[in-house]
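Per-chain residue numbering starts at 1, and chain names A, B and C are given in the order in which the chains are listed.
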Amino acid sequence: MQPMPNATVEPKSDPAKVAAVTARSLSIFFGNHAVLKNVSIDIGARAVTAIIGPSGCGKSTFLRSINRMHELNPDARMEGEIRLFGDDIYSRDVEPVVVRRRVGMVFQKSNPFPTMSIAENVTVGLRLNGERNKKILASRTEESLRMAALWDEVKDRLHAPAISLSGGQQQRLCIARALAVQPEVLLMDEPASALDPLATQKIEDLIIELKKDYTIVIVTHNMQQAARSSDFTAFFYLGELVEFGPTTRIFTNPVQKRTEDYVTGRFG
Amino acid sequence: MGSSATSHMGDRVFKGLTLAMALSVFVLIILIGFELAHGSSTAIRQFGWRFLISSDWDPVNEKFGALPFIFGTLVSSAIGLLIAVPLSIATAVYLTELAPLWLRQPLTMFIELLAAVPSVILGLWGIFVMVPWLSGHLFPLLQKYLGFLPLFQGAIYGPSIFAGGIIVAIMILPIITSVSREILRSVPGLQREAAYALGATRWEVTRIAVLSYAKKGLFGAVILGLGRALGETMAVTMVIGNSPQIVKSLFAPGYTLASVVANEFSEATTDTYLSALFEIGLVLLGVTVLVNALAQLLLKTFAGPGVKPQN
Amino acid sequence: MTVSNHHWRKAINVFMQALTFVCAILVILPLLLVFFYLLKQGAGAVNWAFFTELPKPVGEVGGGMANAILGTFILILLASCLGVPVGVLGGVFLSEYRHRQLNWWIRFTADIINGVPSITWGMVVYALIVLPMKGFSTLAGGVVLGLIMIPLIMRTTEEVLQLVPNGYREAALALGIAQWRVIVQIVLRTALKGIVTGVMLALARVAGETAPLLFTAFGNAYWTHRLTEPIAALPLQIFNYAISPYDDWHRQAWAGALVLILLISGINICVRTLTRDRFSKRA
């Protein structure tokens, strides 16, 4: 079902050979309710993988299980395994905090910290983890804002409050904030759903640029967006991974009937 | 860079610290109960149950009975509630349902300012403005027209149980009004819309959709007011006359549980005297804790998180 | 529905609106009367001497409440040292760490304590501090006010923290920041204004408390120099002067009351203005 080459799980042996994120028999329960059922997938590095599916299919939960954010729900329970470049992120001696430094996240609703300036927002992850070197902070700020395609627009007002930016700019600021800690994987939960078409376009262009250096997993309910910007697509339905493969194949020649029904708009 | 070990440690220490601070409320309530019980132990041993039913308050001969104060507290609180509850709920209804929009904020602000007036200042006004007016105008009027009732007979001095009741009413008006307001505001709009759709007038909507739905919460607001009335100290002390007697006339001076402690605690000369006052405090504590617990339960089970904690 | 019935219902509607309006006026009437008399009696009595001089001996005319004014400030400062850390941190726990049963009991207990008459607190601190120290003291006064502040500040802090949108917590956690840092450096920082106003309201409340100070701080005719000495406070002074037989002391009681109410109202109005945005959104 996953025609993914190099799906080995040797820890850190050969970066090109090890998948960025592998899940094996992953099931997640909130209380007694199974939100994800027996999901196994290999997500490739330096590519954009889109997660699609109708509401309630578990795609957001799957995304949040990669950086252990689903654990914020006190009734959450997990079975199975997730590995990040070969490392088991749920093993007993791994703190969620450590996982979250390796995996960045951008949310549906942009949420720059309101009491901080633009520059402070970008570096907050670094500073609160102990980085004090002003040179590093300054260079990382510029670097992240450039990668987020925001530098030119804000370089003259880095100390302005972050909330003075427009919605689309705020979202790119959140992307810069996530990139500043140099994560290995970037998770995006419907990052453009609250934005107008122009801002959405900018985000999509940004994603295509970023994939040269980052592994990106993006949840989207917008199938055209998935078709436009991703390399691989995973279709979830009612908590199960129905099909996973190159985007072009999923949208033009899917193997599973349910996938075909969804992408052609027969339901969802 | 902060390692995961130190951040884990930081999390545990911080959680432990905040937990300890939060648990302090349990320490506080146990502390009050314990200290008052401990302080009253001498009196309890000496007087037993008779303390609550004896009306003999005689510090000189070391005889102590709390009945006059229980009576005074109950009567002044009852008068206070009788006056305050209808006024407060009517005001809350006006503020949430019937008043023109531009008037609501300023009126609410006034009422919240009244809530901020300390008891002693109201008492000051009570001694020098309210009581003279009462003994000069209202009391004689009541005696003239309602003097056939034993309640309104007897000599008029000014400081009296009635004055105490009125001042309790003034003190509890803001809290009953503002809690009632929160309760009424939390009634879902759908209820009102359903009534409007039936062609009801504004008052009818209030009566049918809002008040009956909010009954339980409003009752909770009233009980909260009662709790406050029972413990009202300074303003009452300044206008009630401070005489430990049980008389039928509302114009006679009275004495409440809180007032006797306020007046006599620092003058208590003997251990028994002090202990008797502690026991009075214990009675007051027990009653207010029970009443407040009841009020909180009513408010919490009605309105949920929408109602602010009132103090 | 007949025509006459319609008129009757309209009449009742108007009548009830008028009736409840009258009730509302009656409710704010005492406030207006109190303020009126405070201004009338107090404004004339407030003079420079009032703010700078100590009380004169019994029966003599003149003097002021300088020590009482200072005393009130000292007491609420001391009270904050106890009330603010315990109250704010306790409120943080209630808001940020979800333990449904435990948190319910903590809230319930705090709300009950908030309704307990403040005079009982005076008795408790008398037994705890005044008796062992064999005397009334500033310390006892500060402690009793601080104890009263704890559950007040705890609940207002919790309320304010709950208003911080969860999105900020999630964004910060997703950056790999430790939870305690998220709470302190993101959540608390965002809610700071609300917490400060909650503290200010609590201060305004205890500044006017008299009963618990009656046998803890006790009052002082002179300046206080040590924590172990009794201290004068505005509400105490107002009370003692009001119930005294001396006209001049009555006059000064009004002056003291005016100063006190201006202090308290000032804090309240300040707070309302600062939080006006928050309130108008809720309305």
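Everything that follows uses one rule, which is that contacts are C-beta pairs under 8 Å (C-beta built on N, C-alpha and C of every residue); 3 or more make two chains touch, one makes a residue touch a chain.
As the structure is a prediction and not an experimental result, all values here were calculated from the model.
Colleague: Can you pull out the chain pair that has more C-beta pairs in contact than any other?
Modeller: The chain pair sharing the largest number of C-beta contacts is B-C.
Colleague: Could you tell me which chain's Cα centre is nearest to the average position of every protein Cα atom shown?
Modeller: C
Colleague: Among the chains, which one keeps its Cα centre farthest from the Cα centre of chain A?
Modeller: Of all the other chains, the one whose centre lies farthest from chain A is B.
Colleague: What whole-number Å value describes the gap between the mean CA coordinates of chain A and chain C?
Modeller: From the centre of chain A to the centre of chain C is 49 Å.
Colleague: Which whole number of Å gives the spacing of the CA centres of chain B and chain C?
Modeller: 16
Colleague: Based only on mean CA positions, could you tell me how far chain A sits from chain B in angstrom?
Modeller: 56
Colleague: Which residues does chain A have that touch at least 2 chains other than itself?
Modeller: Correct list: 97-98, 128-129.
Colleague: Any chance you could list the residues of chain B touching two or more other chains?
Modeller: Residues 2, 7-8.
Colleague: Residues of chain C that contact two or more other chains, please.
Modeller: Residue numbers touching two or more other chains: 178-179, 181.
Colleague: Along chain B, where are the residues that touch chain C in the complex?
Modeller: 2, 7-8, 10-11, 13-15, 17-19, 21-26, 28-29, 31-32, 35-36, 38-39, 86-88, 90-91, 93-95, 98-99, 104-105, 107, 109-114, 116-125, 127-129, 170, 173-174, 177, 199, 201-204, 206, 224, 227-228, 230-234, 238, 258, 261-262, 265-266, 277-278, 281, 284-285, 288-289, 291-293, 295-296, 300, 308-311
Colleague: Across the complex, what residues on chain A touch chain C?
Modeller: Counting only chain A, the residues touching chain C are 67, 69, 72, 74, 97-102, 104-105, 107, 109, 111, 113-115, 124-125, 128-129, 174, 177-178, 181.
Colleague: How about chain A: which of its residues touch chain B in the complex?
Modeller: Those residues of chain A that touch chain B are 95, 97-98, 128-131.
Colleague: Mind pulling up the chain C residues that touch chain B in the complex?
Modeller: Going by the criterion above, the answer is residues 1, 9-10, 12-13, 16-17, 19-21, 23-24, 26-28, 30-31, 33-34, 37-38, 41, 85-87, 89-94, 96-97, 106-124, 126-128, 147, 150-152, 154-156, 159, 178-181, 183-184, 204-205, 207-211, 214-215, 218, 235, 238-239, 242-243, 250, 253-254, 257, 260-261, 264-265, 268, 272, 283.
Colleague: Can you list the residues on chain B that touch chain A in the complex?
Modeller: 1-2, 4, 7-8
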